[in-house]
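Both of the next two complexes hold chain A, though its partner changes from chain B to chain C.
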Partner chain A sequence: MNAAELRGVSYVYSKNTPFCKVAVNNIDIAFEEKIVTGIIGHTGSGKSTVSQMLNGLLKPSEGVVLVEDKDIWSEPKKIRNVRFAVGLVFQYPEYQLFEETVYKDIAYGPKNMGLSESEIDERVRMAASLVGITEDMFDKSPFDLSGGWKRRVAIAGVMAMRPKILILDEPAAGLDPRGRDEILSRIVEYRRSTDSTVIMISHSMEDMAVYCEKILVMSDSKPFMYGTPAEVFSKSAELESVGLAVPQVTKLMTELKARGYHVRTDIYTVAQAKAEIARLVKEGAVC
Partner chain B sequence: MAEIIIKAEDLCFQYEDERAEAPVLEHLNLEIEKGSFVAVLGHNGSGKSTLAKLVNMILTPTSGKLFLFGKEIDEENMTEEEYFALRQRIGMVFQNPDNQLVATIVEEDVAFGPENIGVPSKEIRARVDDALEIVGMSAFAKHSPHQLSGGQKQRVAIAGIIALRPEIIIFDESTAMLDPRGRNDVLATIEKLNRDFGTTILHITHYMEEAIRADRVIVIDEGRVHLDGTPREVFSSVDTLKKIGLDVPQVTELMLALDRDGIKIAKDTLTVSESADAIEAYMKKQSLEKK
Partner chain C sequence: MLKDITLGQYFPGNSFLHRMDPRMKLILCVVYIVLLFVAKGITSFALIVLFTAGIILASGIQFRTIFKSLKPLIFILIFTTILNLFWNAGEDGTVLLKLGRLTIYLEGVIRALLMSLRIILLMAGTTVILMYTTSPISLTDAIEQLFAPLNKIKIPVHTFAMMMTMALRFIPTLLEETQKIINAQKARGADFESGNLIARAKALVPILIPLFISQFRRAEELATAMECRSYRGGEGRTRMTVLHFSSRDYIAVLAVALLFAGILLLNRYLPFYSI
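Showing the complex of A and B:
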């Protein structure tokens, strides 16, 4: 089943003004449920617009947005429920913290959903543990935390609403390598333990390769490629043509192939590349 | 040997508020030559931004000595004029492009710095035009900054610094919030400043592919210089870097992993073409040996 779907969707910013810009141009795309899907594309490719249409923050200029096979705009007055079902974590969410304590900040979303105190408490604890926040941090001010921890608080706040689909816009942007791996693996773990759907926007092909099951590449307001990491990365020349940086090992394999060596080009991790080069060396020695 | 433009001797720094735990910098020693392009790596909290702020004279050392342009930085024994004069020779570009632009027109933003230090207006005009030319943003001189992409905004921020004509520019994770294209444009600008104008560059980054373009890489960990050398020397320490939570270029990691498995191709390649060359040479040598 599909978690969400866009059918014939377009979005135009500042329509009927000189600044009019088509951000999404007549696209059809279905997001599979219960996997991590990555959306990648350079600035202005339309990826953030897609994510904001999925949770009803933007209303498409044309076309239909379906969440669990239901048109989210069929009853515009109930759009708030869509926003609970599809949680959106913005870029640099740590700038949106505002409560006095970590606990209160995570509890803000569930509170707005009108849940009981005990339900809220349970959700806050669960979301906190999913991102690695321990109870001794609950009473701290979120503003006393480091950037990486602030971001975890902000993400936990959305997770605590238990959305069926969690969308994160650049969740690892600006973090150091360790912080980045920590956050991304927590998100994958969250998806597994809640059996939900995750859609993640990123600029980093390396991260996508490791953490996503499917990758949607956007370019010029349209889907450019859509498939498993191996399918997408096997076309490194096309990816570079739309301004994306492919992983170094993928480039290496493409380069070796161009020099006449028979190697796979659908490789994107160091371990895969190691196995492939070991094979090349061994077979090269045989013939 | 070139002139030493930055020198730290037993440099220590500790934040004074009640939350401060351990010192951020602990007896850091460092010498940087004039005209060099130095990449500074380290995980969050390693002390690298604190070092940048000390060099930019935003912070003053808790103990130890810091020399800039051969002069010891000592607030108590310097006149205010001396202090500010020194400060003007160092520029800093920050992480978030949106926090650095103040004016509503690109060229006015670039003129903000020179205006503040009292540059005559005729010269301001020339400086602004030059600076926008260097960063490749002349065509946007009359645009409003909010219509620019992140990478373009960051280049305008750099132009604002260039217009002050500093001899040292510190980039404090100035590429962290940009997409690959924007990052590449900013890095090309940094290289140009270093190559064509001899500006000394301190580039703090988490991106290893940027660090390999520098002349020298310094890894800061726990407030000290942990590794220091050419990119090739530093990145060959794959295990050390991984242990302190940093990345290495994928090809470097790949070649080292192959080497450990007895496939001795090369251990210190940094780029894709270098690695492809090494593999090709290895394959040719092997087939010759066979014959």
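Showing the complex of A and C:
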């Protein structure tokens, strides 16, 4: 079963005005269940628009959005339930914080779901520990935290609703490499421990290669490629034609191959490259 | 969507109106408004309608867009129409209908129509001339230059103009940001539609707080950025785009002058049910 699916979906911003802009053009995409899917694409290719259609914030101009094989717009009055099932973390989510304390801010989502006090408490604690927020931070004001910690509070706020599908728009934008790795690995951890589906948007090929099981490449309002990281990154020429690049280690391996070394080129993480080069050295191909 | 509000929105373009000097547009716009109140009879109003249709065509703005911008006027229009409909034309009025103590005269009907027309033209004409075809920045530029003489009596015209430019510049940004925060809170299950008045007002808190915080941050950043570039106000500043009148502006002056003359003549010799 697919976690979510778009069928023949188009989205037009500011329809019937001179500013009319087709952001998504007649696309069919299926997001597989219980994996981390990454969406990449150059800026303006429609990634954020797709993510907002998946949880019913934007209603497609044409086509249907299916979540767990159900058309989410079949009952427009119940669209809030879709938003609980499909959690969306916006780009720079730290700007949405508003409560006096970290705890209250994380509890905002679950409270809106109408859960009981004890259930809310349990979920807040779970979400907080998933992103690495300790109990002594619960009573701090979220505005006194650093940018990276604010981001974690905001992400925890959505995780606490325990969505079956968690969508994150550039969760690591603007963080240092360590903060980035930490947040991304915690997102993967969320998926594993709750057995849910994660879709994340990113510009970083390196991050995608490490954390995603499937990658969807978007270009000019349409899907351009879909497959495992190995499949996607083996087509570097095509990726470059739409203004994207393969991870740097993949480039390195391609270059080595071009210079006559017998290495695999379907390598896209540093760890794989390390093993491959070690093998090469051991076999004595390099002097 | 918040962004679809068209009031005071600029449509980029390259038409005759777009390329006119904003100062001239501002002056002619004032003349146009005066004309609307000088006009008296059906004939002079017809002339203004023709003229307005002409400038709308010359601006390249779609009529549909203009009608949309008129929507907020609907209540004022209904109110005006009803009030004027029962206008008492006195002894020599033509009675159309008697409803008990109320009498509707033909003059009243015409008066109601012309009054509504005046409001519609006021809105349509000024938005096309000033709002839709003049970017807010060049509009404030024009205001600053037209009011420059006030500097002599120690009124900081430049400062006011700068404040206005900035306010105008950040309205779309503010709307966009509001929309973004609304969406983010909706994604967390915020509900703005149900509940009583108090519940709804409370639902706004999660939007207003992040919005205020980001606006204060923005204001501070903007001030720093301006100071970093040694901004010190209007004194001795030169301009990147120097405004000057061209033949286009003189043609426009001529057109408005002809309109003015036409209206005066029609008012005098062919008033036809004047109000």
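Here is the rule we go by: the second predicted complex is superposed on the first by the 265 of 287 C-alpha atoms of A that agree within 3 Å, B and C clash if a C-alpha of one lies under 4 Å from a C-alpha of the other, contacts with A are read in each partner's own complex, and residues count from 1 in each chain.
Everything below uses one rule, namely that a contact is a pair of C-beta atoms (placed from the backbone, for glycine too) under 8 Å apart; a residue touches a chain by one contact, two chains touch by 3 or more.
Note that this is a predicted model, so its numbers are computed, not measured.
K.L.:
Just chain B (first), just chain C (second), both, or neither: which does A:60 touch?
P.N.:
After superposition on chain A, A:60 lies in contact with neither partner.
K.L.:
Taking the superposition on A as described, I'd like to know which of chain B and chain C A:158 touches: first, second, both or neither.
P.N.:
In the superposed model, A:158 contacts chain C only, not chain B.
K.L.:
Please name the chain, chain B or chain C, that touches the greater number of residues in chain A.
P.N.:
The partner that reaches more residues of chain A in the superposed model: B.
K.L.:
Touching A:223 in the superposition: chain B (first), chain C (second), both, neither?
P.N.:
In the superposed model, A:223 contacts neither chain B nor chain C.
K.L.:
With the two structures laid over each other on chain A, which partner does A:171 touch: chain B (first), chain C (second), both, or neither?
P.N.:
neither
K.L.:
Looking at A:87 after the superposition, I want to know if it touches chain B, chain C, both of them or none. Which is it: first, second, both, neither?
P.N.:
The answer is second: A:87 touches chain C but not chain B.
K.L.:
Under the stated touch criterion, which partner chain does A:148 make contact with: chain B (first), chain C (second), both, or neither?
P.N.:
Once the two structures are laid over each other on A, A:148 reaches chain B alone.
K.L.:
Of the two partner chains, chain B (first) and chain C (second), which one does A:96 touch, if any: first, second, both, or neither?
P.N.:
After superposition on chain A, A:96 lies in contact with chain C alone.
K.L.:
First (chain B), second (chain C), both or neither: which does A:280 touch?
P.N.:
First partner only, chain B.
K.L.:
What part of chain C is in contact with chain A in the complex they form?
P.N.:
1, 3-4, 6, 11, 62, 64-65, 180-181, 183-191, 205-206, 209-210, 213-214
K.L.:
Can you tell me which positions in chain A touch chain B when the two form their complex?
P.N.:
42-44, 144, 146-148, 173-179, 203, 206, 243-245, 247-249, 251-252, 255-256, 259, 261, 270-271, 273-274, 277-278, 280-281, 284-285
K.L.:
Spell out the residues on chain B that touch chain A in their complex, using ranges where they run on.
P.N.:
19, 42-45, 95, 149-151, 173, 176-177, 179-182, 206, 209, 245-247, 249-251, 253-254, 257-258, 261, 263, 265, 272-273, 275-276, 279-280, 282-283, 286-287, 290
K.L.:
Which residues, counting only chain A, touch chain C once they are in their complex?
P.N.:
Against chain C, chain A makes touches at 14, 16-18, 52, 55, 57, 80, 83-84, 87-90, 93, 95-98, 108-109, 112-113, 143, 157-158, 161.
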